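What follows are several structures.
Next come two complexes, and both contain chain A; in the first it sits with chain B, in the second with chain C.
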Partner chain A sequence: MRLHNACFALTALVAIGSSGCERQPVWDQPIAGAQILGMDHGIAIVDPGAERALLLSPEDDLSLSQDSFAITTGFATAKVTPDGSRLLVLSHGTVPRERADDPEPTLQTFTAGGGARTSHSYRLSDPLSGLKVDPLSRFAVVHASGDAAFLQNPNELSIVDLTREQTDDNPVHLTLRSFGGTPQAFTFTEDLVLPGGKRRLLVVQTDRDIALVDLDAPDLPEITIPLSSDTNKMVPGGVAVSDGALERDDDARIAIRLQDDSSVIIINLEPVLESDKDDTPQSFRAVPNFVFTDGIPSDIAFVQTDGGLRLAALLGTRLTLVNPVTGIASAVDLGAQEFSQMTIVTDVVGQTSDGSDVAMLWSPGKSHIAFIAFGSTVGQPYKAIEKLKLDTAVSTVAPIGGDNPHLRILRSSTGGAVHVLDLLTRTAAPLHASSSGAGLTTSADGGRAWLHQGSSLAKLDLTTLHPQNFQLQRPISRVFDVTRPSGGDALITLHESGLIGATVLDAQQPALSTARHYAGLLLGELP
Partner chain B sequence: MRLPSFICAFGIATALGIMCQTANATPIASSSSPSTGDRRNTSAQADGADSTEEALAHDDDHRFVGMSGFRGQVITHPGMDPYSTGDFFSQITLGAAFLPLKWGHLKLGVLSQYDMGSVDADTRGIPASLSIHRIGAGPYAQISLGDRWRLSSRVIPAANYLDASFDDTSGKLSSQGWTWSLETSVGAALRLGSAGKSDDPKASFWLTADLGYTFAGTTEMSFSGDLEQDDPRDFGTVELPPLSPRGFSQRLAFAVSF
Partner chain C sequence: MHRSVGDLRTGLVCVLLACGSGGFVACASTTDSLNNEGFDNGGGGGPLSNAASSSTASGAGGGSTLPPEQELENNFGAPVATGRYVWVANPSSGRVAYIDGKTLQIQIVDAGHGPTHLAAIPDADDDVAIVLNTLSNDATVLRAKEGALSSLNLQVHPGANSWAVSPDGRWATAWTDVKGIENDDPLDGYQAVSVLDLHTENTTQLSVGYRPQSLHYNEASSRLLVVSEEGITSILLDSGSPSVQAHFPLTDDPVEDPDARDVALTPDGNRALVRRVDESVLNIYDTDDGSHVDIPLPGAITDLDLADNGAMAVAVMRAVGKVALIPCTTIVDDPTSLSIIDVSATTVGSVSLPSDSSLAFLYTNAQPNDMLTVLDTALPTPTPRLIKLQSAVSSVFPTPDASHALVLHSAPPVSSKYKSAISLVPVEAQLPSKILGLESAPISVAMAPDNTQALLALGSLFDTPYQMVVARFPSLEIDTYALGSEPIAAGIVAGANSGFVAQQHPEGRITFVDFKSGEVRTLTGFELATQVVDGSTP
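This part shows the complex of A and B:
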């Protein structure tokens, strides 16, 4: 009986020890749903299961410094500001909030690298899922996007000034005046010289109207321009913006391309009429004009010609140039080839002799590229059209920054071909990859491009076009060419299987002998 | 103190109390309870204390003890979480004691012991495992309570080798490290039987049970790729929470003294 007592006690002790002390729940959380984003000094891995963001920065010895930040419950989406400095994480908080201390919907920002780490949090009014970031990295807009709340206002926006901490007037929560439409796309303008001073606008396209929000005074009522009537629904398809002449504050314009309609709406931003000044808090008014382009444009842009500013509308084999003041249009015949995309490349190739812009035309799935110099020669409304025929169809055009802004990388839609297009010499150097579908990344300094597929990795020197091939031991899913906080560049190749691994190479002098390898990154820095 | 830790401590204290009460209450003669008509037992009862004292004296001449069994430890340190869904860590245990000093029923000596155990779990969807090898030696004391029962205590400083791994598809990760520990425990032993002459047994067989607490240092758990010897790759480390294998422990073992 005594032995039984002892055994019973031991058994009880074992049972208590086995079941009484549970481990922290984070170790049971799956790793599904991790979102990986490149930043200027490293990469960010948002790990919703562990409710954290892991920021990884390469050091001098190619090791990865790891900073873990707690994120709010209910991860929705994450983005990095275009300058690469901040990670933005949008979270719903606890839904429904049943206790006062339940987490609220928030937008959090994180920076790390070089030993410094900062974080900010902006409280939001509703658990929304849409996040748009200003190309100039100052503002973020939180909006509804497929949220499944019982009752939802799709026209509700929260505008966050990322350069300021949370205050009573940051973020600004507003509801767009709606004529039945819901936001479809957002465009942040650069500084426009408008009546009342320089300001930036947020152009919100709904499925039937346009709203202009003054980002420098978002608490002012927005200007809404209805596009549709009861009988004619006009859905916006794209936006182009012109500040006009620098010395004038009454010639800024916004052009709106419509889906399935040959009209383009040009909104002139003019001074408020004297008679209306007491009735509106705005210092400018929006005056819409409809111009007809003789076809449904696939792309639009404001271009400078020797005759002044024109709106260029691309119509397949034609280009229509519209005078935004008079509405008079003139057509440019582009020949037999169709084009659907237009990019102004004047800042790279320079203006023509009479100060006109130069545009590059291309089309996904086509093997032709054209350069058109605007201006006029006798009998035609353009200076010159120069065409380039590739041996394969183009799927995407990737711009290069830094020291080589005159280069573009053209990806083939079939096979593994890549062309490096020189906008200055109008040549396209072909490069052949042994297999199709390779991933492509370019460095911020414009010095190199990286292609990867499977375990194969290649560095392409964009100055000499010399490729350098590497074979890693693990399949590569993505690569990031980043600047080390201490100087120099590093390449982080990710192996997105399991708990995520990485291989870090010196981006300027890559060698497998000096590479640093990692496995199980999502285990690191957990509590 | 967290509630589970309190429950664990309470459980150990309770068990210890039961054991001690059981040992102290055991009369020497009654340990040979009369069975149905067994003449030898009846004779032993008749001989009374003298024969028991004689057997006890011979048993006490044994200077060597070997033991093997099972050791359990409750490790509540959060560094244990990545490798185990609970806090109980089971080990096999081997020990050898040499008891050269004797004062009456008290014997003193040294005990060396080796404990080894492992635990595994599914961590974030990845198989994880941890092995701990503990080897140490320290003072060991026994006191005889009649011919069947003994109480013992030990204080064993030890070196602990921790070997952990994750079998991830991005690459197998492993971490190895050392730390110290100091096991303090008290226990009781029940003689199951003896070999040899009854008045001069060559060896006696025991069931032992110990309870105590193991103090331990903390070791960093830095994981890197588990590479073949000729693999030239240089792996960086991923830091997991440091681990201290400390906590209440218990041991159940079979021992032989000779």
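This part shows the complex of A and C:
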């Protein structure tokens, strides 16, 4: 259905009139709890009260086309796949189920825009509230998350292959083998070349062990690596994954950072021993090995150096590089400033001349950034460390995609200042907002950033760094820079008061004169 | 020269250990006859501690003003290596990890309460080790056979902290070495020994002399001789259950300091050779009846060593520049067979005897001296051959066949940037030796039984970096590898053609080096690796 500005009130009246004065129950449902998510071609509004999801897509004339999907009773949470293509809605169904036709727990997926409109529903075994989505948008994991059922198994997972419809083997319901731990975090690996073929793993961190689930064969028993010995309890704190050399299938590794421990556990994924082949269903085995990092790392990453693969562990003013095979560590002194976060930016800035990685180091609340090029020079295990000093402390680092992957937007702790960091030139251009706490959104094509505060809106051209300011009529709560199904980009600014309003602008050539205004998105498509 | 020679049926004591099961070789310890004979130290290399603290009768320089000779090649107790496996005990968990030296696969087996002291058991077919469980007062015999492991528990007396294992692998004796006890009470005699018969799976507890110092089996494994502060206790093993046969003192002087004597037993166990600090008389005791003969030598004996095959004993008299070659098989019947060799061309006070050669390596570490003297004890009138090295000698580790020697040098001159140095000395080929400066001092050395490799662990808590050095013969190649943490001991896994350096780490750490490929791999967290569950067992 295509909606135009100022028609929502009329729509509501017509809806009431056409119902023969019989008021539909949905009109009595509260509008609170709506969840709004950005998608590639629009936005999704999950309206639990009306048990529906609205997918709104901007058209050529900046009008919003609307698709309404019914969602299962008992909404729990919703997410959008990282590629922006699917809305995932997790619902508990009716709890407790007393009749056979009571709704079951489900995970629903919805896509819309450009005329396409699809939905899938996956029946789940339990009303769980946790939902993790694969960064590559293929899988979703449903898990327990603070659910308050009378009896619940916190180690129960449902793994959904979103590229397939529901079948007997999709989703796969499994209960992780537990030595007393419960899942705390999930990591989806990319394709790993392992003995037995290429596959993806789900790394589940509990508070005392690690479980590896083969996402390509989730019905196989998972591999559990207890981390705690009789005398020493070790709690996972983070994960880094390396596939190793492309031509080898025996050198993939998973590194587990530990909380409150100066060691990192590297799990080598090796071929199953000949003597064990008849006894194990697995085609690879997990061989854990400690490496000492000489301090509790705040972040870890596998990096390529001219000496081969190393595990980099960030320790404030030091970076420890550990050979994952020998366990031999060398230290890099980072100077007086402390860093807690590390991002490998080699894919943006390119490898060093000897094929080594480049990492960006930063720290929330600190005003300095460093770049370290791995690869040794005489007497030191790195090639260069470059530092940038900003005039304000950084709170977040936002990546930019599309045409400007070499840029990062650094938000200040107060939100009043923004720096556009160029990873190639190692420069940081400052931009100042007149008020603090501005919201920030970037476009998928990497060409623009949007800042908003109150009813003020600004577009920042990330190529020229030229800002363009606008003043809307209503306070802006969030903005979404989306691609129009028919081409071009639109900016949907939301006014999340009442029934949720929106102002839609052309994202590339924004002008208030051509903008469209919507007063009550939640009224759309109601019976 | 007066010689008083009795019934000298001598043998040898050497702590270059070779297991019959295809075995293992521990550190090439050469002269410390006070160390425990047998397999109590398995494949672990010898820590090179300050000799003064570990040596008892190291010689006092024969009245000269030189300090005592230092014996640096003590043994280390853990871990141990058998033919293919390295065994490591974890007292906290009650488990023993055994690591395949070829595949580096780690397996874990439950032992008793507080498994601590490990020893390798010679076995022709299997890899066998025994561990003392210090908290449950028992021992666990662990046998790896074709990938499967079986265990057997036997009782031992409370307080045991050492092992002595017979050459045939049938007997393992748990005893208490007072050197391993802090704040020992003088009223604690530690006189209990537990003799374990691994064939019948029985334990016999016996009493020996006050404070045992070392235990020795004869080569037939029919007799156990316990050297204590009080003398020697002889235990018969082939007369049904083990029983004490005899005990006799080693001195007529009731106030003699037992730490001032050095006792070496012949391989057949029939004779004990005793030297004393500042004494020029060598006593040879008959271990059957305690009778002894005295052999006066021209000077105070600063070191005494017995060849592995028992053919020759070498006594060094530093102050007079002499070496006595004592043919152990003939000297009793032919006292004139004792020959005195002049080695005064340079000062020598210590001797190292390789296991498979008649050569003797003579040197001194009592004073800076960069000369190494080589003497062929098989010749009727051997001529000392002097090898000039580039730095003062600290200790010498010959390869078993004596074709080469690894020499550790003492502290380098202040003008050097290095903290230590080693030399690889071609002995047979008489080529130039190769010296290598080291950034930290060696703490453990292990020599491969095939004469082709030597492995050193370098560094300690206040002496970094931590390193592992592999020296290769005859090429004299040297490879240095960094270690992740402080080394404890070096060892050889002969059945896997690899070496290892055990290191300090709360979860256990060993770095292996494959001698063939040079590949180095560090394993840390032995027990963690065995706890992985992959669904193969429900």
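In the analysis below, the second predicted complex is superposed on the first by the 503 of 527 C-alpha atoms of A that agree within 3 Å, B and C clash if a C-alpha of one lies under 4 Å from a C-alpha of the other, contacts with A are read in each partner's own complex, and residues count from 1 in each chain.
The working rule: contacts are C-beta pairs under 8 Å (C-beta built on N, C-alpha and C of every residue); 3 or more make two chains touch, one makes a residue touch a chain.
Here the structure is a predicted model, which means the values were calculated and not measured.
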| item | value |
| --- | --- |
| Chain B versus chain C as contact partner of A:E156, first or second or both or neither | neither |
| Partner chain in contact with A:V291 - chain B first, chain C second, else both or neither | second |
| Of chain B and chain C, the chain that contacts the larger number of chain A residues | B |
| Touched partner set for A:P221, first chain B, second chain C, both or neither | second |
| First, second, both or neither for A:S497, with chain B first and chain C second | first |
| Partner chain in contact with A:S63 - chain B first, chain C second, else both or neither | first |
| Touching partner for A:Y518 - first (chain B), second (chain C), both, neither | first |
| Which superposed partner A:G49 touches (first chain B, second chain C, both, neither) | first |
| Common interface positions of chain A, toward chain B and toward chain C | none |
| Chain C to chain A touching residues, read off their complex | 92-93, 103, 105, 147, 481-485, 505-507, 509, 511, 520-525, 527-529, 531-537 |
| Contact set on chain A toward chain B in their complex | 2-3, 5-6, 9-10, 12-14, 16-24, 27-31, 49, 62-64, 66, 473-474, 495-501, 504, 513-527 |
| Chain A residues touching chain C - in the complex, by the definition given at the top | 177, 220-227, 229-232, 263, 265, 273, 275-276, 279-282, 285-292, 325-330 |
| Chain B residues touching chain A - in the complex, by the definition given at the top | 2, 4-5, 7-8, 11-12, 14-15, 18-19, 22, 25-26, 72-74, 76, 78, 80-82, 84-88, 121-126, 166, 168-173, 188, 190, 207, 209, 211, 223-225, 232-236, 238-241, 248, 250, 252 |
